[in-house]
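Before anything else, here is the set of structures, which you'll find just below.
What follows is chain A paired twice: with chain B in the first complex and chain C in the second.
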Partner chain A sequence: MNSKAADRIATGVFVAIAITIVTILAGLFFYIFVNGFKHISLEFLTSPSSNVRAGGGIRDQLFNSFYILFITMLITVPIGIGGGVYMAEYAKPGKVTDLIRTCIEVLSSLPSIVIGMFGLLIFVNTTGWGYTILGGALALTIFNLPTMVRTTEDAIRAVPRDLKEASLALGVTHWHTIKTIILPAAFPSVLTGAILAAGRVFGEAAALLFTAGLSTPRLDYTNWNPFSEQSPLNIFRPAETLAVHIWSVNTQGLIPDVNEVASGSSAVLVLSVLIFNLLARWIGSLIHKRATATK
Partner chain B sequence: MLTAIKERTNVELPFQTTSVFQPETILAVKNLEIFYGEKRAVNGISLDIEKNTVTALIGPSGCGKSTFLRSINRMNDLIPGAKAIGEIIYEDLNILSEDINVVALRKEIGMVFQKPNPFPKSIYENITHGLKFAGIKKKSKLDEIVEESLRKAALWDEVKDRLHKSALSLSGGQQQRLCIARTIAMKPTVILLDEPSSALDPISNAKVEDLIVDLKKEYSIIIVTHNMQQASRISDKTAFFLSGDLIEYDSTETIFTNPSVKKTEEYISGRFG
Partner chain C sequence: MEKLLPAKDRLLKSKRSRLDGEFRGKLIVILCAVIMISATIAITIFLGTKGMQSFTKNGISIIEFLTSTNWNPTDKASPMYGVLPFIFGSFAVTFLAALIAAPLGIGGAIFMTEIAPSWGRKILQPIVELLVGIPSVVYGFIGLTVLVPFIRENVGGLGFSLLSGMIVLAVMILPTITTIATDAMSSLPNHLREGSYALGATRWQTIRKVLVPAAMPSLLTAIILGMARAFGEALAVQMVIGNVRNLPSSILDASATLTTIITLNMGHTTYGSVENNTLWSMGLILLIMSFAFILLIRYLSSRRKLR
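Let's look at the complex of A and B:
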């Protein structure tokens, strides 16, 4: 076989692989949307779920998903970026740093159900909180922190050394250089890492089953007091997220319209992830453009 | 400015310096050795750098000239395992001392690198980055220094209408002059240049060279260069390095027309390196 033919075959194989991937993805989207869209209505999105009768919505589950995401990112992003900065800029090469890196890698490959069990032990039982949003968010933080640290570290290492040297040579301290030069330059990659982490939070069910629970108290959306039982903002209340809801109606649902609710919820979940992704990227690029003075 | 370094340090004056100091010396290097781990890159060199002159450091790659240059503003601190022994006396202080406030030192001894490295920010912000950290917050003052530094770097006319555009939109030569401008903005006394025009086209190179000659009225300049013509065109004194040794240090004219060491002559006439 001559090299020209080999080249052609290689091109063909890679194109075929690409087509396969796109087909699978498109098929999946098509299936979810075709099955789900007909069940999505304003009423479905704005009414609470029902336990026995048909016609329940997903209002609280949708809110819970976003709220847990928000709380999780509030904890994950600062700690994750801090850890990444430490690993890239301060940690001296050696045994301790290698150990930290190994720990981070092991942590990132832990099965989420194990993290759920650990969360049950610590954030539910030991603390005595019961099933709470905070417990769920902390479990998800454990789950997401390694990714966040890793992507931040990689993003910082990818910033040209020149820029750091240039800033230091102007008599600027290391910390101020990190704050004003390195982190802004690493921002797009850090944002990508944060979006990936957020996507995992949206879709996660196993880690939340035992930490945020399978139920939601009757919520009063006009109550903005975060310490009140009925307030949606209360972080010490149980909260069933959309992903958990899909699992629970499928496995133990008593409602007659299980399939409709599950398909509708799936479509809403996928759509939420999509919208969140696009929005985060758009806002991120706006911020980046402002910081770098590019139009 | 001198007090800025001294205030935050408690370095003893090395007792022999006063007698060695000549009025025009800005940096006195004595028995400087620099190591990368076990490997010695600079073998005990001594020389006096004169004030308001351009001093060129020449020599083949790996001869230790850049290592020496980077030790003057302690940039070698960033390299794990790098260690400098000996003395570099600046304003009666040994720069290499552990107690030196490196941040204050780098404000007085600025550096421009081989590859233009503007920050991915606006032209204006490139210059104000160091100033803001140094505590200058007033906009009128910042505006004034930005214009002054850009004028000194002969860049003002080219960029005055787009100060708030990205510095990365400038050409390579303009970027390098911007890097010089932001160094000048800090009002240093010494400017270190590490092959500042080796990555530039001939026209930009000529502009940077003119600029360097212009700057020596106010600053003491030390430049590492691989370009013999450049060294002879712009420098007053030339130091020739070979394998970590300082072979010869004299006025540029002497080095290029009548060097006293045979190796120097061979290098300059292009027989090795």
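Let's look at the complex of A and C:
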């Protein structure tokens, strides 16, 4: 009966581990939301932040986060899909393909702070732009590209072979097949992957510290000229994102209500990432249902 | 007039434009692949040369840089550039975090695949995915407001310590380890389990003697990927570890890692100064370590293929 007892003890240990993981998550979410939602109000979301006084909001940071995310995805998605198409459709097994795979692996395992340093070296100092939204977006592109390429490649490989073969058999050229048959069929998975990647970018801070900077100029939201200094749309202005803001209020600690601002910002940040994840799942299952006609 | 062209010519023309499109399309996707290669090479070359500058241009000895425990770059008379305490801090916090996260992550994976494959997985899988989604600064912030005061009052020390850093990192890398370990366990062929049960082994014996050894290379890969993430994490650690320049003597002592020193000092040192250059050298160490982790994972996966 000794082995039976050991079996029972082991099962107990595994259940305990599972409970621990659940508790950690529940505790984290409970803490973030209970503490954060107290401080979220319309005023908090729509007033500019303050450097020294209490009562600052996160309007600019929130806008910057979404704007940098948008610019990043604008660069990442086309390049990522192109790279994915190359890997799935054109790459022949050999040294070059191995090299690209190694590059993807290297890029995806680089610490984000190292990417931030590279961004500082190239997009800030060498180009002479200083801290800019564009520099931040380019750094995040490096950070995000491997994920996007892998997602696209997997999505294309999951497209049934019959579709491609039928198209080629009709005399349609390879590129035209990719454009009109394969990419539309792979679109749902690519979209889901892109949204999940967006959630990751949204919470990223280390790569942005030295590329998009820790400050935001005074913004005038009625100014829509993207070349004006005060316009929120200007991509050559420094921009502090929400994630960076949480870090900087805590380390600089100049404002008296650090805890309130940081809790509120954390809750907004986590909630946004959560919405990204749910959106990705929802769209994924919606399109899956449509495509397979199941309920 | 184009309308009067014979059908033959029109067909030929349209075929040529198709082929042009074919060529252009291929060019575009090849360009995308080239962008990725050049980004990787550019990162290696630029960070490599910039990181070597403190040795080549400023004449700091590499041996002293890597083995001295004196970090005092602001001293006018005799500035010291020894980063051993930070290298030690990085490794210590990474290993300790893996020490906590590995049993939890692999245990969670075994729970999901072996103990309760139906409902357990349905609950735990989304939870692990949610944990991945929490941004690292939020982990750092919670560590700062909950963990640090808790350790200060209940365990001792200042609260800002290796212990806080390792707990925050352990929670951060837990989802990475769990996800990969779950994939590894569930991709094991079912006849392994059936064969073991048919011999009369209990579930625990099956897990310990058959399944875990079979999945070992993948489980190690999971742990190393988690460690790679912990090694490069900057902001969350920086917020809880205390950032002092001394070698810690216990896990309750404040400490610093390579990433935290870079984060803290990059902003307020002059670009091109000696102190700034040593920060780039630390960045180079991070880059080299991330290559080392990749090589280690490659080695493990080649072992997996041999089996």
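Methods note: the second predicted complex is superposed on the first by the 251 of 295 C-alpha atoms of A that agree within 3 Å, B and C clash if a C-alpha of one lies under 4 Å from a C-alpha of the other, contacts with A are read in each partner's own complex, and residues count from 1 in each chain.
Everything that follows uses one rule, which is that a contact is a pair of C-beta atoms (placed from the backbone, for glycine too) under 8 Å apart; a residue touches a chain by one contact, two chains touch by 3 or more.
If you're wondering where the values come from, they're calculated on a predicted model, not measured in any experiment.
J.: Could you tell me if A:52 is touching chain B, chain C, both of them or neither one (first, second, both, neither)?
T.: Neither partner.
J.: More residues of chain A in touch with chain C or with chain B?
T.: On the superposition, C touches more of the residues of chain A.
J.: In the overlay, answer first, second, both or neither for which of chain B and chain C A:93 touches.
T.: first
J.: Is A:42 touching the first partner chain B, the second partner chain C, both, or neither of them?
T.: Once the two structures are laid over each other on A, A:42 reaches no partner at all.
J.: Between chain B (first) and chain C (second), which does A:204 come into contact with in this model arrangement: first, second, both, or neither?
T.: Only chain C; A:204 stays clear of chain B.
J.: Under the stated touch criterion, which partner chain does A:168 make contact with: chain B (first), chain C (second), both, or neither?
T.: Once the two structures are laid over each other on A, A:168 reaches chain B alone.
J.: Name the contact category of A:7: first (chain B only), second (chain C only), both, or neither.
T.: Only chain C; A:7 stays clear of chain B.
J.: With the two structures laid over each other on chain A, which partner does A:31 touch: chain B (first), chain C (second), both, or neither?
T.: second
J.: Who does A:176 touch here: chain B (first), chain C (second), both, or neither?
T.: both
J.: Does any part of chain A touch chain B in one structure and chain C in the other, and if so which residues?
T.: In chain A, positions 173, 176 sit in both the chain B and chain C interfaces.
J.: List the residues on chain A that touch chain C in their complex, please.
T.: It comes out as residues 3-4, 6-7, 9-11, 13-15, 17-18, 20-22, 24-25, 28-29, 31-32, 78-83, 85-87, 89-91, 99-100, 102-107, 109-115, 117-118, 120-122, 125, 142, 145-146, 149, 173-176, 178-179, 199-200, 202-206, 209-210, 214, 243-244, 246-247, 250-251, 259, 262-263, 266, 269-270, 273-274, 276-277.
J.: Help me check something: in the complex, which residues belonging to chain B touch chain A?
T.: 73, 75, 78, 80, 103-108, 110-111, 113, 115, 117-122, 125, 129-130, 133-134, 164-169, 179, 182-183, 186
J.: Per the contact definition, I'd like the list of chain A residues that touch chain B in the complex.
T.: Against chain B, chain A makes touches at 92-93, 160, 162-173, 176, 180-181, 184-185, 291-295.
J.: Any idea which chain C residues touch chain A in the complex?
T.: 18-19, 21-22, 24-26, 28-33, 35-37, 39-43, 46-47, 50, 103-104, 107-108, 110-112, 114-116, 120, 123-124, 127-131, 133-138, 140-142, 144-146, 171, 174, 178, 202-205, 207-208, 225, 228, 231-235, 238-239, 259, 262-264, 266-267, 271, 280, 283, 286-287, 290-291, 293-294
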